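Naming follows writing order (A, B, C, D and E), and every chain is counted from residue 1.
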Amino acid sequence: MEPAIEVENLAHAYPGKPPVQAVMDVNMVAAEGEFVSLVGSSGCGKSTLLKVLAGLIRPTSGHASVDGQDATQSIGVAAYMPQGGVLLPWLRALANATLGATIAGVGRKEATSHARELFERFGLGGFESAWPSELSGGMQQRVALLRTFLTPRSTILLDEPFGALDAITRREMHAWLQDVWANERRTVLFVTHDVEEALTLSDRVYVMSKRPGTLVAEFRSPFPRPRGREIQTSPEFATLKGQLLDALEAASS
Amino acid sequence: MEPAIEVENLAHAYPGKPPVQAVMDVNMVAAEGEFVSLVGSSGCGKSTLLKVLAGLIRPTSGHASVDGQDATQSIGVAAYMPQGGVLLPWLRALANATLGATIAGVGRKEATSHARELFERFGLGGFESAWPSELSGGMQQRVALLRTFLTPRSTILLDEPFGALDAITRREMHAWLQDVWANERRTVLFVTHDVEEALTLSDRVYVMSKRPGTLVAEFRSPFPRPRGREIQTSPEFATLKGQLLDALEAASS
Amino acid sequence: MTVAIDLPRARLPGAGSAGRFLANYLPATLLLVALVGFWEAWVQVRNTPSYVLPAPSLVWEAFLRTRGTLPGHTLTTLNESLLGLGIGALAGVALASLMTSVAIVRRVLYPLMIVSQTIPMIVLAPLLTIWFGFGIEPKVVVVLLVTFFPVLVSTTEALLGADRNLIALLQSMGATRLQTLRYVLLPSALPGFFAGLRIAAAYAVTGAVIAELMGAQSGLGLYITRSNSAFRTDQVFVGIVLVALLSLALFAAVHIINRLATPWAFAGKGDNS
Amino acid sequence: MTVAIDLPRARLPGAGSAGRFLANYLPATLLLVALVGFWEAWVQVRNTPSYVLPAPSLVWEAFLRTRGTLPGHTLTTLNESLLGLGIGALAGVALASLMTSVAIVRRVLYPLMIVSQTIPMIVLAPLLTIWFGFGIEPKVVVVLLVTFFPVLVSTTEALLGADRNLIALLQSMGATRLQTLRYVLLPSALPGFFAGLRIAAAYAVTGAVIAELMGAQSGLGLYITRSNSAFRTDQVFVGIVLVALLSLALFAAVHIINRLATPWAFAGKGDNS
Amino acid sequence: SCGDDDGDGGDKLTPVTFMLDWVPNTNHNGVYIAKAKGWYEEAGLDVNIVEPGEGGVEQVVGNQTAQFGISAQEYVIPARAAGVPVVSIAAVIQHNTSSLMSLAEDGIEGPGDLAGHTYGGFGGPLERALIDALTECGGGDASQVQYVEVGQAEFLEGMARNQYDFVWIFDGWDGVRATELVGADVNFVRFIDNVDCIPDWYTPLIITSEGLIKDDPETVRAFLAATTRGYEYAMENPDEAATILLDAAPELDAELVRLSAEYLSTRYVEPGRQWGLQDEAIWTRFEQFLFDAGLIDEQIDVDAAYSNAYLP
């Protein structure tokens, strides 16, 4: 079976004087239904890689494909949540959440009723018709996450989806995410700066070196699912987390 | 000596149908030179409280003062970093970093030379003349943090300043922040969703309940400074962190 | 609630109370009354001949004297203005959408559009009459020509200035050009569109009045030129006041539609986030 | 580098190579040539009388015939246009700043500004000559009156639409009104200002031409009316072409200044973040 | 209202558009009378009057967008020189009624006094040629006349402010107003008093197109017949003529219209002569004047430019 995400010798430099070589020699895969995370220091090129996969940037060289389609030629193959969420200021929260589904041709009724349920579960109940500017930072981020998952795509690209969430809300979101992933088995590529989060959610974790970003290490997270607090507090988890942090530190210096 | 920050029976409701009661019955203090953190679940009203202290929102009732000035009547008393950082798109990175100092009347030369040094230390070397849109999310956040610290105010309000930073960069920023704070002893009110971060940096940590947000618990972080990895991995730290998480969980449900 | 932000507060809909309404429009009204009073006094004291500047009282008399014919003239002009403005706004938005989605079209059309604004009436008038006759059509065409341009330019610039993050988001969803237009480009172009429409609204009535000089049976333009040729400066001023009032009404209508069409711009007002 | 975003790409400065330049302007030029060819053919085939629409070849002949006097006329008109546009733009920005910082001023002035756009030339012309005589001044005043308004309206709307987060940021720094204006309001109003200035630039030359009808010793308006009263439609078209070229040149100048003044709008172009 | 008489006449009326050169004024009296009295309908015409015709009456009539219009000899000649196929078919007023008006204080008693004074005008070449000729003829030095282009100015005010000293006016309208309405103390140098030096010429003319004359001469005849009746009526009943005009254009100044109608009633045509007749001599002399002054590049065939053949 072909991998859902495949990246070969990818490099991208942003034009300028001098150009900024964001990523270089990136090689990675994600199997269908796999949950893969990407960690790396700030500014190393994680978002750049995701934008390439989302079809938004044509890389300077190399190859990238998503679900068998050439990501440098097509767009909209994967569901993509950009860093910071990004909501349309002129749509109310609920309409923002269903936007991806609507664009993909899902019936408005169906999308809306699905979104309504999730609003409750996401702690957004009562804010369905709030404007984005009336939501707190974390609430906006959850609406964007909702939107991404309501988009009917088999591959999902998430760029720091929980950056603005507190520990408790984040834990709830983790539980939900593991749930959904277990049921639907969509392929997920997940950018995070939280090592613990990466190990909790992923099958595998890639570590990206500092700019020009390239993948320097790969960890497998072997723990049984669902992974709750017990696993996170287990010594094995702590050890692996330590190793991952070390790798990250080595990659960032 | 009067406290640097003093909040009494503060309440704020955003107008609307129905109005959103963001915070209620908030009482808190921060002594001069104290480092105080605020944790709480997403949407509970942390940013609202900071905006009141920054003078940007006039609360529906209650009293708040910063450095002896009534925060409901004056503006610009504290240096404030809004959630998400917020840079001016038409200023290059360096000019954004010196903006607060410039507005406060610091000479351009002085501000610039100070900022240049910190750019290196913040891992932003070489990006002095980049436009904000050419910076990664985490780089933008660091520029905003820099701007806040270069603003010559004795009280600093930080709203999730490290939300977009990876573990390693974040650790570097922690080290820097402890350094600066030890030297300059400015009063800091620090909103974060990371409990560990709060305990590492703070003298005291307030826990805010879910909306309408009110302060339900207060923790003292007794560890000797500077607090590095050893302290974070000590059992005492783990215990306190567990208690704080429990309090947060209780406050959020 | 906001303490320090005067600007956004000033934009809040003046919803509701008569008191608020008064507070909003009293200063303008007072100034107007003062100006008119000053004008009357000036004319009386300086003894300015009425064919140079008639006193407001004379203008009022002229209004009463000719009020029988005024409704007809006003309606004609209003008709021409509204039709022309409506078609002009539609044409402006359509052209702007076209020009921003296909760069070549923009490069080809923009110069032509500018040229369309530079053709003097003196040349256009006989051609328009020859093509469209003496009915309402040539006037509507003139109003259209006057009004589509501001709408076109400011909508185009607003479309080009749309947030690239939002466009990228829509594209990452596989949105078609049309969907991107509908969900991102048009909403973010609304402020620009309305700025253009405001300018256009201020010009529409004047455009109709000018067009009536090409040959008409009725209209405020006719009323004004007839009065002018008879040296009835007082009546000329009646005509001008009516033109100004019509223009103000159109402008105010655009303002109200703008508010209704962009509710999000007035949300989150208890805050600055 | 961007794959899918046509819009922003289309905005990139056409920097550098002659090839790029050609690619940019070839379509417009080709279309223009085609249009002129079609026009010539149409007139020849339909035998349209030249008083209705002269053939381009006739217009060219008229240009050659009168080229001695044309530079003088053109310079006069250009002078009036540039001066009026410059002062008008300054006045528009100043008024917009004033109107947005003090809500009452806006409520009082906005209606007056609209009224200023509705006063027909027929009334204004005699007054202007009485006040300003027959020199360049009354023409500059007319151009000013025509051009300040689009700048005023779109700058005002852009100022009112400035990002409240940024305003709040500046205020939290204790910025004065002037500092907020300088660091947030004016930069974020630049796109709107330039949209208004574009519209104004397209009107400036036409405004000067119209003003010259009030009485002038030189200028393209004079050239056009003289030619028109002699039924020299071919010369009238020479005048129009010159007016159009001047307008296009002004428009293009605004475009270039816009690019230079807002470099950040063209940055981060290899990306959409 | 105007023009729509639903079906009581039986025969279908021929629709005809008549385009004015300006807003309605006493020059147009005959047309308004014929329309108000139903004489056009009797002649089988449904006449629709459009104003104010700043959009080039000659082009519009030449193109038959309007069938008839008001023009003047100084427009018909260059229009024909430029190929616009218009033909003058009636002179509304038999002689030129233009004058140069000045404030009495400037002491311009005759054409020679124009020298040393400033003319405020439209900047047309015809003005200069005429004023030069007048000045020289009165013994003045034409190079001593100054010119300013004032466009549409309120000339009494301009002269009072000494921005210029004399202007070109039409006796039957501006002249009547200045002397009888405003009561200004003014002098006139009348063109008609100086026909030794400058040509007399027809100012208001009724024009039609060569095409209509060729295709439908009957309509032209019918129109002129009814129009002639109208002007004859205006000569006899100036007061009623004024009333009819005011009904059609109530915005006009009633007093001015009445004074003007009274003034013109004796000037449309000399007693005993048929209204509308045009003299070849006047056409030829004025055409020659225009050519000599360089206002037309080539001379035109004067005979084709006007016709008395369609007058009743």
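What we mean here is this: a residue touches a chain if its C-beta (ideal position, glycine included) is under 8 Å from a C-beta of that chain, and two chains touch if they have at least 3 such contacts.
These numbers come from a predicted model, not from an experiment.
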Chain D to chain E, fewest steps along touching chains: 1
Supply the minimal count of touching-chain steps required to go from chain B to chain D. 1
Turn needed to bring chain A onto chain B - CA fit, degrees, nearest 5: 180
If you tally C-beta contacts per chain pair, the winner is C-D
Interface sides of chain C and chain D: same vs different residues, half threshold: same
Round to the nearest whole Å and give the separation of the Cα centres of chain C and chain D. 18
Mind checking the centre-to-centre distance between chain A and chain C? Centres are C-alpha means, answer in whole Å. 48
For chain B versus chain E, what separation do you get between their C-alpha means, in angstrom? 84
Two or more other chains are touched by the chain B residues 14, 16, 47, 51, 55-56, 75, 82-83, 134
On chain C, where are the residues touching two or more other chains? 4-5, 52, 122, 126, 130, 165, 168, 171, 225, 228, 268, 271-273
Among the residues of chain E, pick out those that touch two or more other chains and give their numbers. 56, 59, 63, 154, 157
Residue positions on chain C within touch of chain A in the complex are 165-166, 168-175, 179, 183-184, 187-188, 190, 262-264, 267-268, 271, 273
In the complex of these two chains, what residues of chain D are touching chain C? 4-11, 24-25, 27-28, 31-32, 52-53, 100-101, 103-104, 106-108, 111, 114-115, 117-120, 122-123, 126-127, 130, 149-150, 153-154, 156-162, 164-165, 167-168, 171, 185, 191-192, 194-196, 198-199, 202-203, 205-206, 209-210, 221, 224-225, 228, 236-237, 240, 243-244, 247-248, 251, 265, 272-273
Chain D - residues contacting chain E, complex: 49-52, 122, 125-126, 129-130, 133-134, 213-217, 222, 226, 228-233
Any idea which chain A residues touch chain B in the complex? 14, 16, 20, 39-43, 47, 83-84, 123, 134-139, 142, 160, 163-170, 193-195, 245, 248-249, 252
State the interface residues of chain E toward chain C in the complex, per the touch definition above. 2, 17, 19, 22-25, 48-56, 59-60, 63, 65-66, 154, 156-157, 177, 181-182, 249-253, 256-257
